[in-house]
Each structure stands twice: as C-alpha cells, then as structure tokens.
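Both complexes shown next keep chain A, but they swap its partner, so chain B is in the first and chain C is in the second.
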Partner chain A sequence: MTPIELTRNPIVKATLRNRWPQFVVRVIALAGFLFAILSGFIGTPVGNHNFSIVFVWIVWWALLMLIAVPLLGRGWCAVCPIPMPGEWLQNGALLKPRGKGVGLNRKWPKRFRNIWLQNIAFTLLALFSAVVLTRPSVTGLVLLLFLIVALITSLIFERRAFCRYLCPVGGFIGLYSQAAPVEVRVKDPAVCAVHTEKSCYTGSADGYGCPWLIYPGTLTKNINCGLCMECLRTCTQDNVAFNLRSFGADLKQPSGHKLDEAFKAFIMLGAALIYSAVMLGPWGALKSAAYSIGTPQWLVYALTLLGLIYVILPGTFLLTVALGRTLTKSKESLKKSFSAFATALIPLGLMAWIAFSLSFVFASLSYLWPTLSDPLGAGWNLFGTAHAAWQPYFMSIVPFLQAGVLIGGLLWACVTARRIAAEKQQGRGITLQALPVMGFCFIITAGLLGLLIG
Partner chain B sequence: MSQLRLSPRWIAIGLLAFVIVFVPNPIAFAAPAEPHFRIEASSFQYTPEAISVNPGDHVTIDLVSTDVVHGLYIDGYDLNVTADPGQTATLSFIADQSGTFRLRCSVTCGALHPFMIGKFNVGSNDRLWRAIGLGVLAVIAGIWVIRR
Partner chain C sequence: MKAERFALLFVIVIVIGVPLAAIVARSNSGAIEIHGQMADNGGWTPSDLTAQVGVPLPLRLTSDDVVHGFAVGHSTEPALDVLPGQWTMTTLIFNRPGKYTFYCTRWCGANHWRMRGTIEVTGDTTTTITTPPPLYVTLNLDLDAPHPSEVVPGEKPSATRGAALGVKIDRVVEATQSPAQVWQQMRSASITQGLSDDQVWDLVALTWRSNTTPERLAEGQQLYAQNCAACHGETGKGDGVIAPSLKKTPMPDMTMTGHETVAPIDFTDAQDMLGASGAILEGKIIRGGMGTGMPYWGPIFTTEQIQAVADYLWTFQFAK
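Up next, the complex of A and B:
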C-alpha cells in the first residue's frame, strides 16, 4: 500500500501543527499523572480501589496496548506528561520557543546511544511487577521516580534524552511502533538534501529542533520518532508529512537490525509469557513467589525470569537461526542473521501483549466505576458509582479474541521471517532459512495459547 | 502485509481452516453425573487449582475460605458465590458449556486479588486444540501461500 498523506487535508495539517490540542491533552495527562502519584501515597492501600492502580495499570494500560500502540505507534509518547516539566525548564517556555531555558544541554554519552538502558529499566520493572501493579504506594513511588529521573535528565542532557534512552515504557512502544499504520516522513528526501538550514533538527521560531534527536530527512523507521510533530512545524519547505500506511511497513525495511532492539523483542516476549503464567495462571505459589520480594522463592522467580528473557529465549532463537544458516549454507554472520530474524518477533510480541491485556483488562475494567466516584478510597461517592459491583466484561468472547490475535500474530511473524529470508536467499533457500524461525514462533504461540486459553 | 491473492492454495488453506474450526469433536463423554467438589480459597489461590467435569454434569462446588472472605466467579457461566472465613458456600449448576473457564475471586481479598484465578474444565478444551491447529495452518500459509 502506498502511504496516504493525511496532512494533505488542511484541517488535519492545521490541527497537527497547532500546539494547543497537544498541549491541552498533555496538561490533562500531567494532572492525572500527578493525581496518580498523590493517590498512590495518600489513597487507600487496596489496589483495586485506588486511582493509581486502576487508572495506570488498567485504564491507561488498556488504552496503550489495545489502541495506542497497535494503531498509533508512539502516539502515547506524543502526549506523555512525564517529560513535560523537564521540557518546560529546558526550553524556558510552555509552548513555542522563546528565550533561553535552563540546563547543561549536554550530549548523551555515545556508548549509551542505544536501548540497552531501556532494556535494563524494563527488566527491573518486570522483576518487581507483582508488587508495582498491586500496591498503590509502590506505583506512586515508581511514577514519582519516572518524573524525577526525566526532570534531572532534561536538566543535564539535551532534548528528550530520557524518552529516547531511558524510559522503560518508551523502549517497547518504539519497538512495536514499527508495526503501526502511521508514520511521520519527509515527502522528498532530495528537498532535505539541499536544504542547508535543517530547521527540523536545529529548530526555528516556529518550533523546536527534533526533541527525539533524529534528523527527519533520513528517517525510515518509527522506532525513534516520538510523533511530536515539531518537524511538521519547523520545516520551511513543507516537506514533512503524516502518513497512513500499511501495518508493519517498517518491518519490511531490509537494513538497520540492531542487537539491542533484538533483545528488546526477547524481553517483551519473555515478559508476556511470564506475566501470563504468574498473573493469569492458576498457580498460587508462583504468584506468592513473584510478590514476596527478597525471599528465596522470589530469587528463584527472578532468576527464572532473567534466564528466560536473556538466555533461554535468545539462545533457542540463536539455534534456530543457526540451523537455518546451516541448511542454506549462508555466509552471513550469525550475529547479523540473529538481529535480522528477531524482527519477526515484533508482530508476535505485539500480538502476545494484546492477547494478555485483553483478559487482564476486561476482567478488571469494572473496578473503574467505584474508583471514579471514590479515587482515594476515602468514602466519597462523586458520581454515585462508589458501590458498583465487580463484573468482568465479555469473558465469553475474550478467549476467541485472544486466539484470533495470537494466530494473526503468528501468521504475521511467519510472513516477516519469510521476507527476511528472501533478502538473503532464493527459491527453496527462503523456506529452509525461515522455517526454523517459524517453528520457534509457533512454539511460543502454542505456549501462550496454553497459558491464556488452556 | 504481503499481497494476498485468491489462489487455489488460499482456497485450500481457507477450507482447512473451516474444517479445523467447525469439525465436530468425535470424542464421546460419559453419561452426565453429579460430581461434588470442595474448593479451598486462601491467599490468592484455589485448592485444587483446577477441576474437571464432563459436559452435562450436575456440578456442586463447596467453596471454603480458610483466611478472609473470598468469592468464586466462573467465566462464561456468569455464576458467583462468596464464602466467609471458615464457612462453606455452595454453588450448584449444570455444566452445559464445554471448554476451559477461569474461576476468579469476586471479593477483594488482598494485594493479588485481581490475579486469584483457578480453572474449570468441562470436557475437552476444543478451543485450545483448534487454535493450535490454526497455528500450524498459519505456519503452512507462511511457507506455502504467501510469497514476498
């Protein structure tokens, strides 16, 4: 499918260029974020009656994983409130550039210009997730830490270094944004090549230089584009477009496969498997182990999680890639093949998270109604719904949706694996190289099906 | 996604998918019985964690809570019962839907309450096996049907 330029429509273009709609959404999100921190600390300790748990881990998570990431990629990053205070200080302005802000404006260290720190940050969250997701005070503390680290990072380093290199959520949103059906791209790279000002990167009176530290003129993948629309505002050549495209268009890019991104795919896939077993499985001992931080049981759980996401999954995948290379007598380095074929795990992982979120969200969504009326658990009844009973939604159809989503993800992963193999092989060699990877994807899918609907 | 054309291969895959999804399960189950279960609910787990019956069975579940108030809600059946500590609450019904269903605690009982889950198996879990069959078909489609 040829991308459709949505910004050809003058209303869409004007709306995206205008700072106010984005600003208003971000301010509302910031207010909600700060209230979530507050309610985490002063609200009821009962998680499923506390605003911080219900709004962050059920409502926000549902919007993120079931709508924002699959359809808008980094759409959440465009309105995320976490970097806002730091940006305001850094820019010395709330909206358009004016004057000088505060901060050291240092460049991010070269050795950390990858997503390994994001991988580590997400792993840490995953290790403590049973507590983070259920105890309001811990959720409040984690959200506050996000805010403080983002603020400090903005005061030391240039632009949105926190979002680009540290945010554990932004790491996986970026990975899966490659599957999304929207993109910001330049219309004609030749125009950028001769445009010496590069106002999209350096900034202008109309907007900031790319906060995500990328040069839009050479942008080919969504992974690092935060959809902030600054380049749409600063381009003096009217050469930036917001496009509708086919799902997974970035997965067809033949180059740029990186090991840190490959490992992000394993971390996310492993976390989906572990969460499905711990949170949605019937094993009480496993839940207790995940929750009892510091105990020998938790250590076993933590080592199992780390072993699965950093050793077992990548190791098994490496063997499948090596098998494909042996069958086809491929001359490409194993590391390069490993990183390239890990791209097939992006649609598989995205669909695994959607399937996981479906049952988690629809089973717990009705906690929203009492929490709306009594967000702190203080005995209020603002909207008359404080005593609404818990009621899971659509549980008869959720398993069918989960099965459909997982099978769709497997098919998508197989198509992606085959396409990657076709870049390296011809004829029968394509199938021979892709088949072991497809087998790996099938085993993961069967495991998830067993955990979620078995 | 790759270009999808309605070729004989796609028609074959479609027919196979239809068969996998809709072919009746040939396994015959025993005549309906009246199984009786005692399920203990305590700190985020049910014991036993899973119970199995045959389709058409008249099922009775005694829910016994050994610590705080717990509930037992059965997905798909939309049935619910709650038990006070040390008390037994009983749920009786006919298992008229086949498959595997989640049991969920319906009363806030502590930090991990939303994840207090058990399983209720009625007959064989056709849904799972059919989904795995479709998974095999997805791999075949990836190899055999979809080119570039």
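Up next, the complex of A and C:
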C-alpha cells in the first residue's frame, strides 16, 4: 500500500503543527501522572481501588497496548508527560523556543547509543513487576523515579535522551511501532539532501530540533521517531509528512536489523509468557515467588525469568536460525541472520501482549468507576460511582479474541519470516530457511494459547 | 510571550492546582480515620482511641487488605462491614466511662481475634454501674487445671430420653457443678436405682437442657458460629477452617513462650467436657486460653452472651 499523506488535509496539518493541542493533552497527562504518584503514596493501599494502579496499569495500559501502540506506534510518546519538566528546563520555555534554557546539554555517550539500557531497565522492572503492578506505593515510587531520572537526564544530556535511550516503556513501544500503520517521513529525500540548514535537526523559531536525536531526512523506521511533530513544524521546505501506511511497513525493510532490538523482542516475548503464567495462571507457588522479593523463591523466579529471556528464548531461536542456514547453506553470518529473523518476533510479540492485555483489561476495567469517584481513596463519591461493584466485561468473547489475535500474530510472524528469508534465498530455499523460525513462533503461540486460554 | 504566560497559567492550574486541591479536600474530614489490616500486618491503625462521655466520636473506617468487620464490645449495635478501599462511616456515643474494646467481626485470618483496639472513655457519669466479677474469679478457680471426668456415658445422653423416664429430679444446676459430679449425685440417689448408667446420663442431659431456653441456645449458636467455629469447628470437634494452621499441641506446657497456639479444644470429647463446670467454661471464654491462641472474650461479650455460648457448648455433649 502506498502511504497516504494525512497532512495533505489542511486541518490535520494545522492541528499537528499547532503546539496547543499537544501541549494541552500533555499537561493534562502530567497532572494525571502527578496525581497517580500522589495517590500511590497517600491513597488507599488497596490496589483495585487506588488511582495509580487502576489508571496506570489498567486504563493506561489498555489504551497503550490495545489502541495506541497497534494503531499509532509511538503515539503515546508524542503526548507522554514524563519528559516535560526536563524539556521545559532545557528549553527555557513551555511552548515555542525563546532562548536558552538550563542544563549541560551533553551528548549521550556513544557506547550507549542503542537500546541495551532500555532492555536492562525493562528487565529490572519485569523482575519486580508483581509488586509494582499491585502495590500503589511501589507504583507511585516507580512513577516518581521515572520523573526524576527523566529530569536529571534532561539536565545533563541533550534533547530527549531519556526517552531515546533509557525509558523502559519507550523501548518496547519503539520496537512495536514498526508494525503501526502511521509514520512521519520526508516526502522527498532529495529536497533534504540539498537543504543545508537542516532545521528539522537543528531547530528554528518555529520548533525544536528533533528531540529524538534523529535526522528525519534519512528516517526509514518508526523505532526512534517519537511522533512529536517538531520536524513538521521546523521544516522550511514543507517536506515532512504524517502518513497512513500499511501495518508492519517497517518490518519489510531489508536492512538495519540490530542485536539490541532483537533482544528487545525476546525480552518482550519472554515477559509476556512469564506474566501470563504468573498473573493469569493457576500456580499459587509461582505467584507467591514473584511477590516474595528477596526470598530464595523469588531468586529462583528471577533467575528463571532472566534465563528465559536472555538464554532460553534467544538460544532456541539461534538454533532455529542456524538450522535454517544449514538447510539452505546460507553464507550470511549467524549474527546477521539472527538479528534479521528476530524481526518476525515483533508482530508475534505485539499480538502476544495484546492477547495478554485482553485477559485482564476487560476483567478489571470496572474498577475504574469507583476509582473515578474516589481517586484518592478518601471516601469521596464525585460521580456517584464510588460503590459500583466489580463487573467483568465481554468475558465470554475474550478467549475468542485472544485466540484470533494470537493466531493472527503467528501468521503475521510467518509472513515476516518468509519475507526476510526471501531477501536471502529463492524458490524452495525461502521456505526452508523460514520454516524453523516459523516452528519457533508456532511453539510460542501454542504456549501462549495454553496459558491464556487453555 | 502572551502564549507562554497563558501556558504557564494553564500548567499551574492543571498540574499543581488539581493535585493540591485534592490534598486539601482530602484532609478536610473531621472524623478519625481507622485503617484495618490483618493482625499480622498491624491490625487497626490507630488502635487506641479516646472519647468523652456523651460526646459523639465520628469514625471513618476502611480496610487496607481484606474484608473486616467493626463492632464495640458489650454493645448492642450491629457490626459494620469494613471493605477494602471503601469507607464506612459511623459515630459512637458512650454514656459511661470505661475502657471499651473494638474488634474485627469477620474471619480475616488466623490471627483475626488479635485485631482489636481500645477506646478509653472519660468523663463524669451520674449513674455508677458496677459489674460483679465473674464466678471463676470469685471462686478462685484454676481454669488451666485438668478436669477430666471420671465417668463418661456409653452414648450421647439425650434430654428427650431422660424426660421419657418419668423420674422427678431437681432441675437446677449450680454453675460450680460439672455434669460428672451431677451424674454421681444422681447415681447414688435412691430414685435412680433401677436405671442404667446411660439412663442416668439422660437425666443429666435433661437437667442441663432444663437450665437453658431455646432462645438462649439460638443466641449461643449464632455467637459460636460467628466467633468460635473457625477454630473449634461447626460440630465442635476442634476441626474448624483455621485449626490446621494452629499448632497441634494438645495442651500448653512450660516450654511455650505464650505466643504459640495449640490445637483447639474438642467439645465432643466427653471426658474433657463432662468434667468441666459452667463456671470453668464461662471463665475460659472470658479469660481466653492464656498463651494458647484462644482469644479472651470478656471485653467483647456481655455476661448473658457468655452464658449463652457456654449453654450452647453443652449441646455437643447433650442431645435434645
């Protein structure tokens, strides 16, 4: 499908170029974020009645995984409030550039210009997630840490270094944004090539240089584009477009496969499997182990999680890729093949997370009503819903949705694997090289079907 | 510049104003906030309250974990449910000074009974009410001394069978007498000479049944179900749902520190029960098990309620 340029529509273009809509949404999001921190610390410690737990881990998560990431990619990053205070200090302004702000404005260290730190940050969060997701005070603490780390990073390093290199959430959103049907791209790279000012990267009176440290002129994947629309504002050549495209367009890119991104795919897949087992499975001992931080049982759980996402899954996948290479006598290096075929895990992982989220989002969404009426657990009844009873929604159709999503993810992963194989092989060789990877994806899907539905 | 100022105002109002307003609104409650947690995690917070005679004491109760209940000992007010994350409002008024116990009325965990707090009520009162000490104190009974029955019936004694015997007996039982003692008195009496030992036990059952009323037994049964059955079991066999988590030591001994628990008493054990007097049973209910895990109900139950529970306990030995 040829991308459709949405910014051809003058209303869309004007809305995206205008700072106010985005600013208002972000400020409201920041207020909600601060409110969640506050509620985590002073609200009720009962998770399903606490604003921080209900709004962050049910409402926000539902919006993120079921709508924002699949349909808008990094759409959340465009309105994320976490970097706002740091950006305001960096810029010395709330809206348009108007002078020098504060901060050291240092360049991010070269050796960390990848998503390994994001991988580690997400892994750390995953290790403690059973507690983070259920204890309001811990959620409040984690959110506060996000805010503080983002602020400190902004004061030391240039632009949105936190978002690009540290944010554990941004890491997986970026990975899965490659499957999203929207993109910011330049209309004609040739225009950029001769445009010496590069205002999209350096900034202008109309906007900031790309906060995500990318040069839009060479942008081919969504992974690092935060959809902040600054380039749309700063491009003097009217050469930047916001496009509607086919799902998974970036997965068709033949180059740019990186090992850190491949491992992000394993981390996400492994986390989906572990979370499904811990949070939705019938194994009480496993749940207890995940909650009992610091105990020998938790240590076993932590080592299992680490072993699964950093050794077992990548190791098994490596074997499948090696098998494919052997079957086709491929000359490509194993590392390159490994990173390339890991792209197939992006749709698989995205669909796994959607299926996992469906399990609890509809079951827990009714906690929203009492929490809306009494966000601080203070006995208020602002909207008359403080005593609304828990009521699961659509539970009879959720398993069918999950099965459809998981099978869809498997098919999408298989198609992606075949496409990657087709870049290296021809004829029967395509199937031969892709088949072991498809088998890996099939086993993961079967495991998830068993855990989520079986 | 104008836009920037407007943006700043917007940020102040939304980002700072909204949370600040919420904090201010939250702190504007006149009632005392009481949080309930399972006893192992802290019980009631705060657990020690003070009040004045005749002055309303408004309370806001919430649970921070599971469903709890709230009631004040020696009160006829019904218990309130205290739900996780929700608030229950109540106002207490005391008409005489004293130390009152408030407690959890829901089985919230193995140490549920430890979930108690006190309300110290001070102030003048026009009427002085003195509560007589319990019988076991007056009689200086050793509640912890073993009291095995020397005789036990061959089958569960029945008041109905006893009544059918047509023997005229003195139906008043002293609280200091155990069923075994009464049986021995009856056995040696001339009017029971032609009866078997078990028939004399039926007369004992009739005597015990005659000393209570169906209403009192119903009240005792309700209190037992609410407060005792979790350990002692619905059938009194000491096999309640909490029992497996209690230590299986039959009786406390000198090596215990006072924080252990022992296996709940089996009320169907004839040898143990038939050797106990009413005063001992009531005393144990009032005082508790002293280091065995058996709660003390003195500050919770009224004298009548304790008697009703004790009456009900005898039904595990004496059939209708």
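The rule we apply is simple: the second predicted complex is superposed on the first by the 454 of 454 C-alpha atoms of A that agree within 3 Å, B and C clash if a C-alpha of one lies under 4 Å from a C-alpha of the other, contacts with A are read in each partner's own complex, and residues count from 1 in each chain.
The definition used in the following text is that contacts are C-beta pairs under 8 Å (C-beta built on N, C-alpha and C of every residue); 3 or more make two chains touch, one makes a residue touch a chain.
Since this is a predicted model, take the numbers as computed values, not measurements.
Peer 1: Looking at A:Ala93, would you say it contacts chain B, chain C, both, or neither? Reply first, second, both or neither.
Peer 2: second
Peer 1: So, does A:Pro216 touch the first partner chain B, the second partner chain C, both, or neither?
Peer 2: neither
Peer 1: A:Pro282 in the overlay: touching chain B, chain C, both, or neither? Say first, second, both or neither.
Peer 2: first
Peer 1: Of the partners chain B and chain C, which touch A:Thr445 in the superposed model: first, second, both, neither?
Peer 2: Touch status of A:Thr445: first partner only.
Peer 1: Between chain B (first) and chain C (second), which, if any, makes contact with A:Gly248: first, second, both or neither?
Peer 2: Only chain B is touched by A:Gly248; chain C is not.
Peer 1: Comparing chain B against chain C, which has contacts with more of the residues in chain A?
Peer 2: B
Peer 1: Give one of first, second, both or neither to describe whether A:Thr44 is in contact with chain B, with chain C, with both, or with none.
Peer 2: A:Thr44: touches chain C, not chain B.
Peer 1: Please work out whether A:His387 is in contact with chain B alone, chain C alone, both, or neither, and reply first, second, both or neither.
Peer 2: Touch partner of A:His387: chain C, not chain B.
Peer 1: In the superposed arrangement, does A:Phe23 touch chain B (first), chain C (second), both or neither?
Peer 2: A:Phe23: touches chain C, not chain B.
Peer 1: Mind working out whether A:Pro436 is in touch with chain B, chain C, both or neither, as first, second, both or neither?
Peer 2: It touches nothing on chain B or chain C.
Peer 1: Shared contact residues on chain A for chain B and chain C?
Peer 2: Shared contact residues on chain A (touching chain B in one complex, chain C in the other): 46, 48-49.
Peer 1: For the complex, which residues does chain A have touching chain C?
Peer 2: Against chain C, chain A makes touches at 23-24, 27-28, 30-31, 34-35, 38, 42, 44-46, 48-50, 93-96, 98, 370, 375-380, 386-387.
Peer 1: Using the touch definition from the top, list the residues of chain A that touch chain B in their complex.
Peer 2: Touch residues, chain A against chain B: 46-49, 130-131, 134-135, 246-248, 278-285, 287-288, 291, 359, 363-364, 367, 390, 392, 395-396, 399-400, 403, 406-407, 410-415, 417-419, 422, 431, 434-435, 438-439, 441-442, 445-446, 449-450, 453-454.
Peer 1: Using the touch rule from the top, collect the residues of chain B that touch chain A in their complex.
Peer 2: 1-2, 43-47, 49-50, 73, 75-76, 99-100, 102-104, 106, 108, 111-119, 125, 127-128, 130-132, 134-136, 138-139, 141-143, 146, 148
Peer 1: Quick one: which bits of chain C touch chain A in the complex? Just the residue numbers, please.
Peer 2: 1, 3-4, 7-8, 10-11, 14-15, 18-19, 22-23, 25-26, 29, 60, 62-65, 84-87, 89
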